[in-house]
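Reading through the structure tokens given below for one structure.
Residue numbering begins at 1 within each chain, and the chains themselves are lettered A, B, C and D in the order written.
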Amino acid sequence: MTQSGWHFLQIPGPTNVPDRVLRAMARPTIDHRGQEFAALTLELIAGLQRVFKTKEPVVIYPGSGSGASEAAYVNTLSAGDRIVVFETGHFAWQWKKIAERLGLRVDYVPGNWRRGASEAELESRLTSDAAHEIKAVVVVHNETSTGVASRIPDLRKAMDRAKHPALLIVDAVSSLASFDYRHDEWGVDVTVCGSQKGLMVPPGLGFCAVSKKARAASNTAKLPRHYFDWDEIIGQNEKGFFPYTPGTNLFYGLHEALAMLDEEGLDNVFARHARHGEATRAAVRAWGLEVVCEDPREYSNSMTAVFMPDGHNADELRRIILDHFNMSLGVGLSKFAGKVFRIGHLGSFNDLMLAGTLAGVEMGLRLAGVPHREGGVLAAMQSLTASLSSSSIAETAQAR
Amino acid sequence: MTQSGWHFLQIPGPTNVPDRVLRAMARPTIDHRGQEFAALTLELIAGLQRVFKTKEPVVIYPGSGSGASEAAYVNTLSAGDRIVVFETGHFAWQWKKIAERLGLRVDYVPGNWRRGASEAELESRLTSDAAHEIKAVVVVHNETSTGVASRIPDLRKAMDRAKHPALLIVDAVSSLASFDYRHDEWGVDVTVCGSQKGLMVPPGLGFCAVSKKARAASNTAKLPRHYFDWDEIIGQNEKGFFPYTPGTNLFYGLHEALAMLDEEGLDNVFARHARHGEATRAAVRAWGLEVVCEDPREYSNSMTAVFMPDGHNADELRRIILDHFNMSLGVGLSKFAGKVFRIGHLGSFNDLMLAGTLAGVEMGLRLAGVPHREGGVLAAMQSLTASLSSSSIAETAQAR
Amino acid sequence: MTQSGWHFLQIPGPTNVPDRVLRAMARPTIDHRGQEFAALTLELIAGLQRVFKTKEPVVIYPGSGSGASEAAYVNTLSAGDRIVVFETGHFAWQWKKIAERLGLRVDYVPGNWRRGASEAELESRLTSDAAHEIKAVVVVHNETSTGVASRIPDLRKAMDRAKHPALLIVDAVSSLASFDYRHDEWGVDVTVCGSQKGLMVPPGLGFCAVSKKARAASNTAKLPRHYFDWDEIIGQNEKGFFPYTPGTNLFYGLHEALAMLDEEGLDNVFARHARHGEATRAAVRAWGLEVVCEDPREYSNSMTAVFMPDGHNADELRRIILDHFNMSLGVGLSKFAGKVFRIGHLGSFNDLMLAGTLAGVEMGLRLAGVPHREGGVLAAMQSLTASLSSSSIAETAQAR
Amino acid sequence: MTQSGWHFLQIPGPTNVPDRVLRAMARPTIDHRGQEFAALTLELIAGLQRVFKTKEPVVIYPGSGSGASEAAYVNTLSAGDRIVVFETGHFAWQWKKIAERLGLRVDYVPGNWRRGASEAELESRLTSDAAHEIKAVVVVHNETSTGVASRIPDLRKAMDRAKHPALLIVDAVSSLASFDYRHDEWGVDVTVCGSQKGLMVPPGLGFCAVSKKARAASNTAKLPRHYFDWDEIIGQNEKGFFPYTPGTNLFYGLHEALAMLDEEGLDNVFARHARHGEATRAAVRAWGLEVVCEDPREYSNSMTAVFMPDGHNADELRRIILDHFNMSLGVGLSKFAGKVFRIGHLGSFNDLMLAGTLAGVEMGLRLAGVPHREGGVLAAMQSLTASLSSSSIAETAQAR
């Protein structure tokens, strides 16, 4: 079936890449050993530092976020090291799996996939580890499979209370540049991210923000590594270069995307995502469906995972929506397969794109014969307009 | 105010240009006197003939639709010639104005801007013109200022009944490639169009489809002309060339757009516009607002003009919608200034784009304090899903 | 035959459009009645004024340069008016032809196609026109068919000496933004140009720079006009708008191209073209071939027309070069057909592109069996390096 | 210094990316878990198999060629394994370094950087390894730092004669799609490549073609791995998917590049590179300079490394050429730093680009005061035209 008009890419990443970024990527490739490229690299790193909120190095890999996860491990740990991973969903399970492939021992803290990492549990585990065997704690900030956002500052405080020296490794793949994240202030040691979500760039770049403590750990970490090794990259980055050929054209895209984030202002970006998260949940409630996330403190503002009513398959709904409305929604992963669909509302996005997205879901529910109440889009519109006060409308009138 | 995400360009043209067309336009410019260019020209003309439904020449101008209107006159008429123009709205008035600038005498048939050209009136005028002084009849197929679509076949029949030899000149600028149009079958002599509406290309190309009778008229027509002269263009077009430098990169865009129309199939394109026209009118009725077009036989499927309630200014509504929802709506033109806003739902468009568009209008009405009932988007969604039968859903499932 | 690598578009326009301009054109189309577009228009006009070196209006048409020529006539003249056109080549003949199509009487001053317009001849003709019947003088600044650049300031002086009130209309299509041009200072009344040469934009926009005297003439000029009418355009331009849909995406391209001219600096642009003109002529001389232009004061810096030795066909040479070396050269026009080929060295161009261009000609001469001496490229390289003094090399070293 | 026109990116990769590929990359990103993406993946793998000349899996990584090198090791070897690496230049040294970082033991066969790997030396080493301790032999096909192409079939025969079971790992980063390469026929076990050279795509994708024997080795290989692990990727690739987010937009570019290679035909691509290699060497000889490669059987057709005369610095020459002629040449690496410059003539390239490139070098030599004879470009042109027989010229004439 030929589809006219825009494709709505409402998976929770890759997100709809802005046309400015796509065009920037179409610039001719340049010499990665020349001064023009070096200047670009230095600007990118500075821009990423503003977004990660860090003064420490941010390492850029040609690779996926998954590669950056592996980088976090191989640079800081040695075979047989013990780590804690919180089971918050499919991507936490991936972190566990990677660790095990690399020969680490994982304490996998069980979870119901509807709540974030528990600070009480973390404190208790660390306190009981008097020998400081645990070398690192891994938390997925926004669990992309569930739409639950763990509260990193609370977890940090728990670690501090336990006076435990473990590294804190955070997966910010689907939260960075969508809602509040502060690498330095929150005392994160390695923050892992990818280009294709809040950063609005196509997939192909992975990032590690690296604390001083993490770099120190890399001096003794014994896992074999070359491609992901921080030292050589950070060293050459000082002058704007890389030890191997970097992803030139994705760099162009990232440069444009960082400029767009600067133009909008990170706080405005966060406010926008918050409005859209709230409006989406208003729609889900109006439909009479259930959001996966149980704790309002942990609602994700970048995406929303929704349970299907019993007896209805999420993938059939997604298929109908894709075929009829030219929209891709996120699949339910692992134990949520067929039971959950996920709505991405992150990246380059606005109120009318959200209205179209939710209309696609509402019409899909109807076509698929899924029991629901009408009025989700209406509820979302009420939510969106409620947050625009009449004073703001007057202001924009004057500003013209 | 920085705006994230897609801009919704919902004026009744230029329309949202598909990214495929935009990228095609970014190809390097080639020699307009070379064989590769000649082959492109011949393909374009053949493709345009399929869309205009004609076997006669289609002339391509670097220029606007307005230029193509002037071309229709200067090639077929002489100073002092008498023509009939139906007052259907602002663009009919433009045709009158151009004619007068060129020294033609215009019988301007009055209209209320809410109905199309009257076949009875036309028959009566032509019948009473026993001397055949009237040389041409001008009708705007889809009056872009009002959303009223004149019924060309009925007008043609009226001319035939009157046995009058006047040329029939039709402005199909905002109807071609959006709803049914048949240059040959309907006996139109000159069809005028531009690139930027149903053809999904940026503005910059104007078109004239030219009947044998119109070409014959050009042999005796005495209005001075060079740039718009058909003869030299049609002559050189036979081998794929032009008498002056053609708009190479817009040609690339047009080539891609014609390919897209072929892929979707013109009948499917028309059905899509019909669904969207209907859904839009359902929304307007649900809001309790009034559509400009009075006669359901003349509803436009490419755009809808809507009256504002008394005491409310359409431009203030449009400003609020642009500022808050990143959407451009069409302005009220001439006597409709401030009183009417226009929603374009033509070109590269789909159900979710329409839902977003109507959500923007509904939220704008609320923010602007315009009296209305909620539920327009809901009504539109009901209209859209009603036209997707359960059988069609099953079919697509099987087709995978 | 599949061709790898860049196509060398070395006709004297359209020129090789810079990738920056092509990408700029791929931006989504916006509302031509909105504030963002109005701001763009105002910037474009200001930028064009800097390039034309005028404080007077510059009118932008969706159209070719040929359309802008027609505009120069219809806005300033009336049927039966007498004008002087200098026969400098094919494009001068086009001006004559357009004039005649519009009902003007043309005094066509004969020329040998190897020299520019003669100031003595002009002075004599104007002086003998005591009744001031002659309303306009038309000169092609750079005759694109011959590579001869008429000396406009000298012609202006001749008009001044004759104290004749005729308008001076200049075709700067292939000179503007390539070598020195000064609309105001030189007292030109209408300067005509197109987008596709020195301005580095694809074809599709035509320009008229309009003096106060030309505007005054338009008040009494009686040729019928609408599309090309200056008054309405200049009036609406004041706020950044147009009376009909402008060529939005070509505007984006022009905006980028004007930025590039600003970055390089017009004087540097002119110096670059001068170096390339000189190096090209050095190559032609080294081959033992003859440049069309007879008078060194009138050498064109934007292109060079070259005579073929007797008994050899320029089009066969051009075909061989296109087939084997992926380069388009300019065809010989009218009486030069088959006898002349033209090398464009204008627009976005540099030393290595010129070297490749001349290598293509030199290899083509060999393959085509055209008698010539080797060493044209070598002579050009000597010319190019001679103009880079050792001091300039040291300077760039220090500037790093 | 502002630079007009095309930048000549004549490093030996990344190469000048064709505009078709750049535009393809600017397509909107799609769902990497959808059917449209799966179909793309399957087409890409099939296309890569045609280029690698293999029926075995080709693994695509988001990453650099360097990452694919690491992948070759970690999938086939275990810590402490012994391998043979031939010292052919800087990139051979990189392979040694990576191996050592991963805990492998490297027999580094010394070389003078001017010859390829010696089949005699290989046979002798393998024959003397009766215990079959050597697990793999690593050869860089085209040593990008020297322009020397090792003769893989001869090396394979040496291994066969020695009846040694070691894996043959070949780095084809700067040879694949430029000159002859046959993964299956030559009995290579792992061929490593990147996207940014002969494949004409920007950097960001790495490839491994994997023989059955190499896959079998991966079952027992114990180096820890996750990101680079073949099994999961090859498994998911069967249906067109990936275990982690693939580089969607680089995939679009690769798809277009593979189509271009198909259109030109691999044999024609190879013949083109051979012509350009020969012409480049003719130029170097004419200048009186020395090519690094000593053995004509090992001349590279994708790039040429050239020694600077004593007392002259290659980087100063490169700087002058970049500043004055907008061309990037390859730097001398490691022990060749300052002593060698490298000319890339691979990827999307043609005769006039080569002429421009060589003209840039010749003019640079002059400006830099490097002793040389003039006439390199002339010699290259003679070489290029000599290979175009008069019969081929007649043929193209008839084919039109």
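One rule holds for everything that comes next: a contact is a pair of C-beta atoms (placed from the backbone, for glycine too) under 8 Å apart; a residue touches a chain by one contact, two chains touch by 3 or more.
This one's a predicted model, so the numbers in the text were calculated from it and none came from an experiment.
Among the remaining chains, B is positioned farthest from chain D, on the basis of C-alpha centroids.
With each centre defined as the average position of its C-alpha atoms, the distance from chain B to chain C rounds to 35 Å.
One finds 44 Å separating the Cα centroids of chain A and chain B. Among all residues of chain D, those that touch two or more other chains are 16, 19, 22-23, 26-28, 400. Interchain contacts join each chain to each other chain, per the touch definition above. Within the complex formed with chain B, the residues of chain A that make contact are 1-6, 8, 16, 18-19, 22, 26, 260, 263-265, 268-269, 272, 319-320, 323-327, 348-353, 355-357, 359-360, 362-363, 366-368, 374-375, 377-378, 381, 384-385, 388, 390, 393, 396-397, 399-400. Across the complex, chain B is touched by residues 7, 9, 11, 13-17, 22-23, 25-34, 61-67, 70, 79, 97-98, 101-103, 194, 196, 202-204, 223-229, 243-250, 322, 328, 331 of chain C. Chain contact summary for the complex, chain C toward chain A: residues 19, 23, 26-28, 35, 400.
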